[in-house]
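Chain naming follows the written order as A, B, C and D, and within any one chain the residues start at number 1.
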Amino acid sequence: MASNYKSIIENGYNLAKSLKDEGKIATYIPELANVDPSMFGVHMTKNDGTDFGIGNYKEKFSIQSIAKVLSLTLAIKTIGEKVWNRIDVEPSGTKFDSLLLLESYKGIPRNPFINSGAIVICDILITHLDNAPKDFLAFVRNLSDLPTLSYSDKIADSEKATGYRNVALCNFIKSFGNIKNDPAVVLDFYFDMCSLEMNCQQLSYTFSFLANGGRKLSNGEKIITNSQSKRINALMLTCGFYDESGEFAFKVGLPGKSGVGGGIVALYPHNYTIAVWSPKLNPNGNSFRGMKLLEEVTTHSELSIF
Amino acid sequence: MASNYKSIIENGYNLAKSLKDEGKIATYIPELANVDPSMFGVHMTKNDGTDFGIGNYKEKFSIQSIAKVLSLTLAIKTIGEKVWNRIDVEPSGTKFDSLLLLESYKGIPRNPFINSGAIVICDILITHLDNAPKDFLAFVRNLSDLPTLSYSDKIADSEKATGYRNVALCNFIKSFGNIKNDPAVVLDFYFDMCSLEMNCQQLSYTFSFLANGGRKLSNGEKIITNSQSKRINALMLTCGFYDESGEFAFKVGLPGKSGVGGGIVALYPHNYTIAVWSPKLNPNGNSFRGMKLLEEVTTHSELSIF
Amino acid sequence: MASNYKSIIENGYNLAKSLKDEGKIATYIPELANVDPSMFGVHMTKNDGTDFGIGNYKEKFSIQSIAKVLSLTLAIKTIGEKVWNRIDVEPSGTKFDSLLLLESYKGIPRNPFINSGAIVICDILITHLDNAPKDFLAFVRNLSDLPTLSYSDKIADSEKATGYRNVALCNFIKSFGNIKNDPAVVLDFYFDMCSLEMNCQQLSYTFSFLANGGRKLSNGEKIITNSQSKRINALMLTCGFYDESGEFAFKVGLPGKSGVGGGIVALYPHNYTIAVWSPKLNPNGNSFRGMKLLEEVTTHSELSIF
Amino acid sequence: MASNYKSIIENGYNLAKSLKDEGKIATYIPELANVDPSMFGVHMTKNDGTDFGIGNYKEKFSIQSIAKVLSLTLAIKTIGEKVWNRIDVEPSGTKFDSLLLLESYKGIPRNPFINSGAIVICDILITHLDNAPKDFLAFVRNLSDLPTLSYSDKIADSEKATGYRNVALCNFIKSFGNIKNDPAVVLDFYFDMCSLEMNCQQLSYTFSFLANGGRKLSNGEKIITNSQSKRINALMLTCGFYDESGEFAFKVGLPGKSGVGGGIVALYPHNYTIAVWSPKLNPNGNSFRGMKLLEEVTTHSELSIF
């Protein structure tokens, strides 16, 4: 069966690689523009303990918004369902940094994976943890078994210098009272959080607790409850890909999350976690080749939850 | 195992019944207002051929928007993926009959389950079938094994007389060129389609092909391909409950579709199909008790896809 | 002084005529597309009884939305300030047939000069007059001293056959309860009202009561009160040119109203009324040459209210 | 004639004073909440040199947004029509600090009197003047003949500490590239600009150049051209009162500008300038009593431009 998965993914990888890459590298964070656009890797971690990778799966990249799933996990672990008093769980239907819906919904972000929602999650963590940036890092180090993992100052600084729209979002939410701390402090943490770097192997391993009922694969440590894990998976399915979330559910059929660095992580509950990376993005801000690979894999297999 | 399902559902039923029903009956279609608000039934059809029901599961009700899944199925069966040239597959993020997004997206409905999308599906069927109302009815009669099933003139006429917003939607889309036939003809079919009546037992049986890879449970007849079936399930998960779709995925975690008549159908691929009915609706237009029952059932079981 | 006006307008006319006409004829009403695009005329009626015209000022054209000022006048004459219970007096800030704001404002049109507002005015007239189409025609015949003026069936039928967006608007407002009569009847009258034809001379004469405190120039007949006349002028200034209303106030500085037939009427209270016609429209739906002429005239004279 | 004006205004003042003041003091700038809500004053400066005041017309108040007309005037004086490459001249149709339209129009504010537009004006002045805050103050000191006029640090600091929405607006526009300087610097100047304090007498005198073809009443000094003056008046008429601009034009019929401090200035070109102050605001953010007084005055006189 492992060999079966492997050949399906190899076929998907080769097909996606053979396509002309129509995507464009994200340039709005200057530091991201320096990445080699031809990079392409994929790695699968199975719940049975086996794993394998193809291509540049050992090259580190900026996981960007993928980290929002981890900060949400820590927030739920910390204050439980009270998170949902300040953020909704609905797809946004519009661009990932839209202010439109924030205005209609009086400062309540539509979900924790659009920028506004992730900023409110940062605010929650700052309020409830001793030292949110340090504590969040420790949390991810434990999840990933990477004790030296650090924020990338270069990426964080690059985004801080140009992230005017996130400054706008944070202050706009503050004006509705749904940010409790100083916007500058919240944004600093937000930019740090998005600056984490991993390779595909580390990423698929880090997320495997969500395919495993909320427990770490390696030692069974309970990170969150099974029910919380299911709900985070549901959120990834409905909201993980900005305004291409429906398309991803439709074509791939797995819970997942993408980042503008070109990474995507997806998972099949009770089965496996897969991470793919290719820097060039389609018009909706998701990795062009990554989407093609995953679409190919689930179309030609039974690897979808539907 | 069958007994296990049964006791879980009985518990959910009893809990939902014990709650004060905070919902309100839909009154915008006058004929719907005549329903007994205390009705409450549930029925499960399992892929292994067993089935059971509780409460008023043999009382017929107006399935309303639930029929949109069936018309979409027939459209896909008829013209395949070309359906998606005229309708998108994204959650709308706004009220089910909003004109806002239609304006932004130049007459392309966000998905086939909001009214605008279902109206375009009707238009497609009129173009490609000899007699859309008759052929659609024949299609549902076959799916349901109910050879005498008919449109309810009383319901259809009641909605025709008051459905100004649907007239607005259809003409608005026509102004963008995405309705090809006479708006009055398209709307007549649309109101007919929404007027179908079934009971919970019939409804769960009718939808069981979607839990069975696109094939009828009774005789294995292929209605659509396995891949098409998976995609319709994905669409139900992301778009089946208007602007409560994210909430349903989050709390229930199953593909499903609701109607303003108070019916909900949901399914667990390769396992079972469940139909529930209670007429009073929550503020988002979904059955108050139906939602509670399904939430209870999947929270206290492994009956979710996540 | 009369000669002075004349030479200023002649200069404006010649300058506007010398410009390459970058406008485009309105084609969404098929019948309007048959007009000779080179037509260009202007006519001024002064309160002192003198008048003069240049170019094709004796050619009839479809006055279209300009008629909305006359139907508003009749509505105010009929039920007074109660009109404002059902329509607001604010600029819309968006396209003339937008449904966006109608949704936000629960079916209350932003002002009586956008399509939605004019449709509600038609509904008011149908409710309060014996025979709205006939009575409105009689009212305009008296204002214009044109006893044989009639609706153009050709124009009205052409618009009826293609006016899906107006059908959408009318039914959408009906769904909020702000249309009291049958939408089909309201729309018939609306399309008739917009089908009136006049030439520049007739148009400037017809509107001169608004430059004359609400009284007909010829015989002093009181059409509306001085205060009502001032308010209609204010509305023309703030809302007369769709989403170019601010631009017109800014550059021309006179109350006025345009139509997609290429006509514009404007007036300087207590002084004069001017009508100009040239069929090709700028991207905002207002006559390209007409706007240039009026801008030129008020920039090089003291002929603005500011 | 002077006595005539006076008695009309006295009547308006007395009537507005006799009404129950349904307004509410602005509290979002904490310092403004300390004002005595019973204050009510009015002052008229006529072009013929005469003037008079009633009530608390010698009490200073925070003129707030009224200052936006003065910063616009200085921007036009400095770079002329190039201002309009970065700001539009259309009414916004929505709340004064809405981000909705900014998003549709890619960072181009709808007009210079909503917050976003005034912030862009500040940015323009910073770019083109040696020291914008100092130079703007000098400009207003000359206009007002108040050589010791200063910014109110107390008001500016109070707004800086709570003005999250303006921070959001400024950074949002910056994200579209329509702010050229550091957002923090632009906002500092913006808050300073809005902190100016005058009494009704000073305010009506300061604005009288706009009723006088762009020239100071006292010495005929040319501030801007006659044509520029007319256009600023047109802008005040269409955009001076947030989303009550149409209502003000409709009921009062004069160019004017309001501030959340409860001040309003209005003018009749070639005739007079009037300033009124009463701190309690109606739901649209304009002085309740001030609006009533002006409405009364123009309804019972010929003092409207229409």
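By our rule, a residue touches a chain if its C-beta (ideal position, glycine included) is under 8 Å from a C-beta of that chain, and two chains touch if they have at least 3 such contacts.
The shown structure was predicted, so the numbers you read here are calculated from the model rather than taken from an experiment.
Peer 1: Once the contact rule is applied, which chains count as partners of both subunit A and subunit B?
Peer 2: Common contact partners of subunit A and subunit B, which must touch each of the two, are absent.
Peer 1: Report the chain whose mean Cα position is at the greatest distance from that of subunit B.
Peer 2: That would be chain D.
Peer 1: If you average the CA atoms of subunit A and of subunit D, how many Å lie between those two points?
Peer 2: The computed centroid separation for subunit A versus subunit D comes out at 47 Å.
Peer 1: Roughly how far is subunit C from subunit D, centre to centre by C-alpha average, rounded to an integer in Å?
Peer 2: Those two chain centres are 32 Å apart.
Peer 1: Using mean CA coordinates as chain centres, what's the subunit A-subunit C distance in Å?
Peer 2: Spacing between the chain centres: roughly 55 Å.
Peer 1: For subunit D, what residues touch not just one other chain but two or more?
Peer 2: Residues: none.
Peer 1: For this structure, enumerate the chain pairs that meet the touch criterion.
Peer 2: A-B, A-D, B-C, C-D
Peer 1: Which of the residues in subunit C come into contact with subunit D in the complex?
Peer 2: 88-94, 101, 110-111, 227, 229-231, 233-235, 237-239, 243-247, 249-251, 253, 255, 269, 299, 304-306
Peer 1: State the interface residues of subunit B toward subunit C in the complex, per the touch definition above.
Peer 2: 98-100, 103, 164-165, 167-172, 174-175, 183
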